[in-house]
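Structures are listed in the sections that come next.
The same chain A turns up in both complexes below, where it pairs with chain B and then with chain C.
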Partner chain A sequence: MNLNIAILIILLMAALWATMTRSLLRAAIALALMSLVLTVIMFRLNSSLAAVFELSVCAGLIPVLFVSTISLTHPLTKEEVLQHMKDRIRRFWYLPFIIVAAGIALSLITVKLNIKLPPPEAVKSARAVLWNERPLYLAGQIIILLIGAFSVVILFKESGKDEH
Partner chain B sequence: MLSLLITIPFFSILVFNMPFFGYLRRAITVWAYVLFCAQIALAIRLFSPVFLNDFISRGHLFNFNIALDNLSLIVILSSAIVLFVTLIISTYVIDSEKKRFNFVNLLLFAQSGLNGLALSRDMFSLYIFLEIVAITSYILIVFNKDIKALSAAFKYVILSTVASVLMVSSIALILLLSGDTKFSVIHTVISGQPTNFLIMFSVALFVCAAFIKAGVVPFHGWLPEVYSHSPAAVSVLFAGIISKALGIYTLMRVVNDVFGTNAKLNSALLFVGIVSIAVGALAALVQKDFKRMLGFSSISQIGYIILGLGCGSPLGFAGAAFHIFNHAIFKSLLFVNSAAIESRTRTTRMENLGGLSRVMPITGLTSVFGFVSAAGLPPLAGFWSKLLIVLALVVSGHLVYAILAIVLSALTLAYLLSMQRMVFFGKLNERFSGIKEADFGFSLSSIILAAIIIFTGLFYPFVLGKFILPLAGVFK
Partner chain C sequence: MNIEALQIFWPFSLFVIMLFIIGIYCISITFNLIRALLGVEILIKAVTLLIIVAGFISGRTALAQAVVISLIVVEAVSITVAVGIVLGIHGHNNSLDARKILDTDK
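Coming up: the complex of A and B.
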């Protein structure tokens, strides 16, 4: 079997695990696994810069944030989890059928795309790309990170004090 | 030089939040006033009657790909005015000093993001700055941690994330086709192959995303909730500039600079615009809550801007941009008045209010200017922008849309008149007989905004020559 297909199947399994599992903690771990597989795909597609970012941020940093947040919550009891699952099945029982139908429909329709792709770019170093060509992205991303930190302080720090 | 518009607010946040500089914190409000005033002055100064197209700036320290034209200036000017007014009000509605410090920080973040949005000439930077403003706005909505505001913000976050996903997918497709995210490069590639399915698909995705961000019908679910439940100062900021900059400015910028106007897109814009006007106005007619009604009124006014853009002519484009400015001013004024009323009466339900002009004369009087401008009655500012849009519709041959726009404008007058009658005229509710005029800050902001409306309306020939005709030069 083609290696690419095997990787895609692992990706799909990880994604399914992340969405279907009952425990939030396992869902976070499954998400990290999915990002890891995505990193492999990106490496195979020769975009090492994106892969490195995916590995460090999506597979590294974000699961840490998720796990630390989940550790602050208290888990549901088993009965509550079962009840929650039943509710979900009752509300969304038709979704798998829609997905399967959409999959069949998409495999039947073959869209002929008339794409003229530009020639691939020469490989450049990350520093050159980030600092010489994309400094505005970098500034924007830094501002976003700062807002994130700031909002956590504003929204959660005070409420923590209220509880104590 | 231009990059200072983005970097100064950002670095001021860093400086004021430094540890060991606690004594600086008190000065942040004054500094924010200075920044906003400086931005207003700079925007008016830079407005050039010569067609200043893409005045590219290349700094030495930051090699940002940014440029300035008159459409950017409209956003920079209106955002500075609205931020200034929001800051004045926030000092009255936020009591604790620490919370006020946080609020001013968020306003500076919003300033940095809005300026970046106005200046960036690259799809991905545009998206990033859009997200900066969006994230700041999520936090601003839940600033008071009120349960209703939380639920409104949740709705907004979900819809806004959907919009972001659509936008990123569109940018990714465009990147795939053109190999770059710079406006000029994409524009050349797109104009070379107008019938390519993927290009049309990515344009559709982007336009839908902008519609969600702007709260246009049928994507308007979040807008009235957010406007009516967010804190008073935040509603002013939201109604005045945030939803317009995120949705409408982005749409105008990208349609004008990247996608280029074509007949299909124009007819879609015209249709969505007129439906928005009609649905917004009809829904506003039946509202019982003051702020909620103003929210629906916003949906309707956004429709006019999209109608102007849909004309696909320089005149319509200028009218749409001018209406962004006018809408920022009169909607901020109406929201400032609603905040003033809320601060005194603790309610925004219209059936509980009435006759407030007698006890709050300044609020009552400035509100008349606001609603006359919103309804598009001469000689105030709103009339001229709506006139430009209707004229552009007639000139570009969309007579039916022009007639509909005028007829629906009468609906605007109807709901705003009924609001004015229920809130400010008629018999005074005895419960409120003892209240006084709102605090000085509210009156001051109302007077400033009303003065801008009157000035823009009465000195229209001057405004036309200095601001609006140069805007038409931006149209490509």
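Coming up: the complex of A and C.
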């Protein structure tokens, strides 16, 4: 349990780093670190297949997307960064204090959990659930992937037309 | 009912709430569009963690994993489309600052 708490604290620190760091590249790296820590938590909570997906997609693909977007857009110059820094510090310095205060307040609350859990069922694999019990999930994923592919094609087609 | 599993629910949900606070703060305070997307990512990570913990305490990890895999697919697609929109906005306005974009719209 203590190890879980330590891992969760690392997750929270990575989230704070992603939010508060000045450099967007470092924020993307912090996001990858968050996914990595979340993967460890998933392995510890017996969800290995989801952990592999999280590791490959969220810690691999999405930071690459962010880094390529950052490199395709014009980064700020050093003077602009210094100019924005004071403004950023003024807006973001509350956040760690809010998080610490919320953490202390929430840990002081004693919640009587009255959760009615469903009756235990036979242990199944995630593959069996996805393929046999919930095939609509797979159909939905395929539809969403197609929608995403067509939207990206349309977005870049439009921007190409505008340039001419 | 697994009492030990239920006991870990509150510490995990405490951290989920704090992740939610960070994500919502990031979205509401920043003016940079890429950083707003980072906030959305943090919120999605909080939801993923909550689903995994709920699956663990109810003993239905297979179902939770199926939901999380669907969520990861939706997350990847939505972030890809959002990144495309951000690049389009940058192509039009040459800026990612929401204030400047709103000014040029006027």
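FYI, the second predicted complex is superposed on the first by the 134 of 164 C-alpha atoms of A that agree within 3 Å, B and C clash if a C-alpha of one lies under 4 Å from a C-alpha of the other, contacts with A are read in each partner's own complex, and residues count from 1 in each chain.
Definition applied: a contact is a pair of C-beta atoms (placed from the backbone, for glycine too) under 8 Å apart; a residue touches a chain by one contact, two chains touch by 3 or more.
Small disclaimer: the values here were computed from a predicted structure and weren't measured.
In the overlay built on the shared chain, the residue A:M85 is in contact with neither chain B nor chain C. Touch criterion not met for A:I104: it reaches neither chain B nor chain C.
In the superposed model, A:V64 lies in contact with neither chain B nor chain C. When both complexes are overlaid on chain A, the residue A:G148 reaches chain B and chain C alike.
More residues of chain A lie in touch with C than with the remaining chain of the pair chain B and chain C.
In the superposition on chain A, A:Y137 contacts both chain B and chain C. Of the two partner chains placed around the shared chain by superposition, chain C is the only one that A:A27 touches, whereas chain B remains out of contact. When the two complexes are superposed on chain A, the residues of chain A that touch both chain B and chain C are 111, 113, 115, 117-118, 121, 134, 137, 140-141, 144, 147-148, 151, 155, 159. In the complex of the two chains, the chain B residues touching chain A come out as 6-7, 10, 13, 62-66, 102, 105-106, 109, 112-113, 116, 120, 122, 124-125, 128-129, 131-132, 135-136, 138-139, 142-143, 145, 176-180, 189, 193, 196-198.
Considering their complex, residues 1, 6, 8-12, 14-15, 17-19, 21-23, 25-26, 29-30, 32, 34-35, 37-39, 41-42, 45, 48-49, 52-53, 55-70, 72-81, 83-88, 90-92, 94, 96 of chain C touch chain A. Listed in rising order, the residues of chain A touching chain C in the complex are 1, 4-5, 8, 11-12, 15-16, 18-19, 24, 27-28, 31, 34-35, 38, 41-42, 45-47, 49-50, 53-54, 57-58, 61-62, 65-66, 69-70, 72-74, 91-92, 95, 98-99, 102-103, 106-107, 111, 113, 115, 117-118, 120-121, 123-126, 128-130, 134, 137, 140-141, 144-145, 147-148, 151-152, 155-156, 158-159, 162-163. Per the touch definition, chain A reaches chain B in the complex via residues 111, 113-119, 121, 131-132, 134-137, 139-141, 143-144, 146-148, 150-151, 154-155, 159.
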